[in-house]
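Residue numbering begins at 1 within each chain, and the chains themselves are lettered A, B, C and D in the order written.
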Amino acid sequence: MNRPGQGNPPLVSESRLRVRYAETDQMGVVYHANHFVWFEVGRVELLRQLGFSYREMERQDHCHLAVVEAYCRYRAAAVYDEEIIVRTSIKQMRGSVVHFGYQLLRAANGELIAEGETTHFALNAEKEITPFPEKYRKALRQAMGR
Amino acid sequence: MNRPGQGNPPLVSESRLRVRYAETDQMGVVYHANHFVWFEVGRVELLRQLGFSYREMERQDHCHLAVVEAYCRYRAAAVYDEEIIVRTSIKQMRGSVVHFGYQLLRAANGELIAEGETTHFALNAEKEITPFPEKYRKALRQAMGR
Amino acid sequence: MNRPGQGNPPLVSESRLRVRYAETDQMGVVYHANHFVWFEVGRVELLRQLGFSYREMERQDHCHLAVVEAYCRYRAAAVYDEEIIVRTSIKQMRGSVVHFGYQLLRAANGELIAEGETTHFALNAEKEITPFPEKYRKALRQAMGR
Amino acid sequence: MNRPGQGNPPLVSESRLRVRYAETDQMGVVYHANHFVWFEVGRVELLRQLGFSYREMERQDHCHLAVVEAYCRYRAAAVYDEEIIVRTSIKQMRGSVVHFGYQLLRAANGELIAEGETTHFALNAEKEITPFPEKYRKALRQAMGR
């Protein structure tokens, strides 16, 4: 039940991907930099679920999300050809900054493979830090459950 | 001595790189798509040796080299941490098309790892096929030994 | 109509993927080496449709498909966030060699983005060229429509 | 002069690389996951400077460095074709855990592009967490200036 002043539960988007051979390394598991590529897949799907595409955000509104911080904690190895669930949510948004949280799960059994966070600045066409355009701010706030 | 109709020997540029862990796959060797990234490293170094940078070619002259064909024949596996020599030459140039040839060699013993070719169209700022700007045409022709 | 001695039509597998931001380059389109990664996605899905997984092929039967040749012809640019269809078929199989063909199509309108081919040797656990294990040979031949 | 309890200054290894076209994205700068690949280039060079190669560490001593945490803070964009200096040091080592620190600098002017950290467990051939073999522990401790 939502009491006054509480709002909706935060949106958690889920997308799925299958591990590619190209993403493995000679240790026989997924190379650790690819997790950040997967985080981005999740980020874009979360935005899509909010009703807008990051492609249009860049093209039409000249609003870019520049990464300023990225963090990942690796819990278990991801292996070739398995299905991965990317769970993404918005942790915080304020002014020109948005903060995403991620979990990577093994689809077969729900095991946590990794979790991480990224922080982004909104940039305008001149690549200057800029507040989020109103329509995005509204959608992002909604996704945070506020 | 250059006799009439003969010209200089074609320029063969050599650049070196070291195999990164990220470039290996779970078969324990370099993943085959990376060879095309290395070809590009060679291509850029050949241009640099001709006295201009591909970066400036894009930035100042709005001339882009779009890949239209790429081919690689794999002879031997490249392994983690070894040094690779990328040998690049220009095979052909005509109008808007330039054709590069590549050899990847194991630096330790000169063994041929792969050889390949790429074909490119010159594009202008509007991404239309365009003849090479005169200064590039001249340099490229020179590199072909003509 | 299938006459005696002719067999079924060849299997063409279709898989879909969405272009990742990581796959673009500063020309604003997908970097050309990624098409080979997508070919591999198609190859693996074709095998899966034949009833076996490449992962198990490596793990259980110690049969590896080493790339010996790769070719791509680029027809149109693939752009960020669009959906791509990878259409894969087996062109030829003989002894230890299998030859795949690929088409990359823009899902939105069916436009051909690229087409290509790869040739592979079957390798055993010792990384020696080996004839395909019978079960794979049978399935691959079936996929060729014979 | 080394006074008791002080030791040598910690080793800071420097390696150089040139930004590849494949590493850029459509924002016109280096895609953020590549910084972790560059950190790894620095890590391997630091080990090489200590007199051993990570390749041999894996091959001969079956000691693998599995990444358990990775962090990067992005300060400025890295652009195509520029030279990057990767500065790497060992922050901590204890039992089975080693902690590296990195700085990425623009070679042209020394500007800080990014800084980060990675934490690794040593794994044995069975992929179990294991204390560092004595010869590595000694070298790593030395690199920390102790």
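To be clear about the criterion, contacts are C-beta pairs under 8 Å (C-beta built on N, C-alpha and C of every residue); 3 or more make two chains touch, one makes a residue touch a chain.
Source: prediction; values computed, not measured.
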- Item | Touching chain A and also chain B, the following chains | C, D
- Greatest centre-to-centre gap (Cα means) from chain B is with chain A
- Message: Counting residue numbers used by both copies over all numbers at the interface, does the chain A-chain D contact come out same (over half shared) or different (under half)?
- Response: same
- Task: Let me have the rounded angstrom distance from the C-alpha centre of chain B over to the C-alpha centre of chain D, please.
- Result: 30
- Chain-centre distance (mean CA atoms) for chain C and chain D, in whole Å, is 36
- Residues of chain B that touch two or more other chains sit at 21-22, 26-27, 33, 37, 80
- Query: Tell me, which parts of chain A touch chain D in their complex?
  - Reply: 26-27, 32-34, 36-37, 58, 64, 66-74, 77
- Item | List of chain A residues in touch with chain C within their complex | 18, 20-22, 37, 40-41, 44, 53-55, 80-81
- Item | chain C residues touching chain D - in the complex, by the definition given at the top | 21-22, 24-29, 31, 33, 80
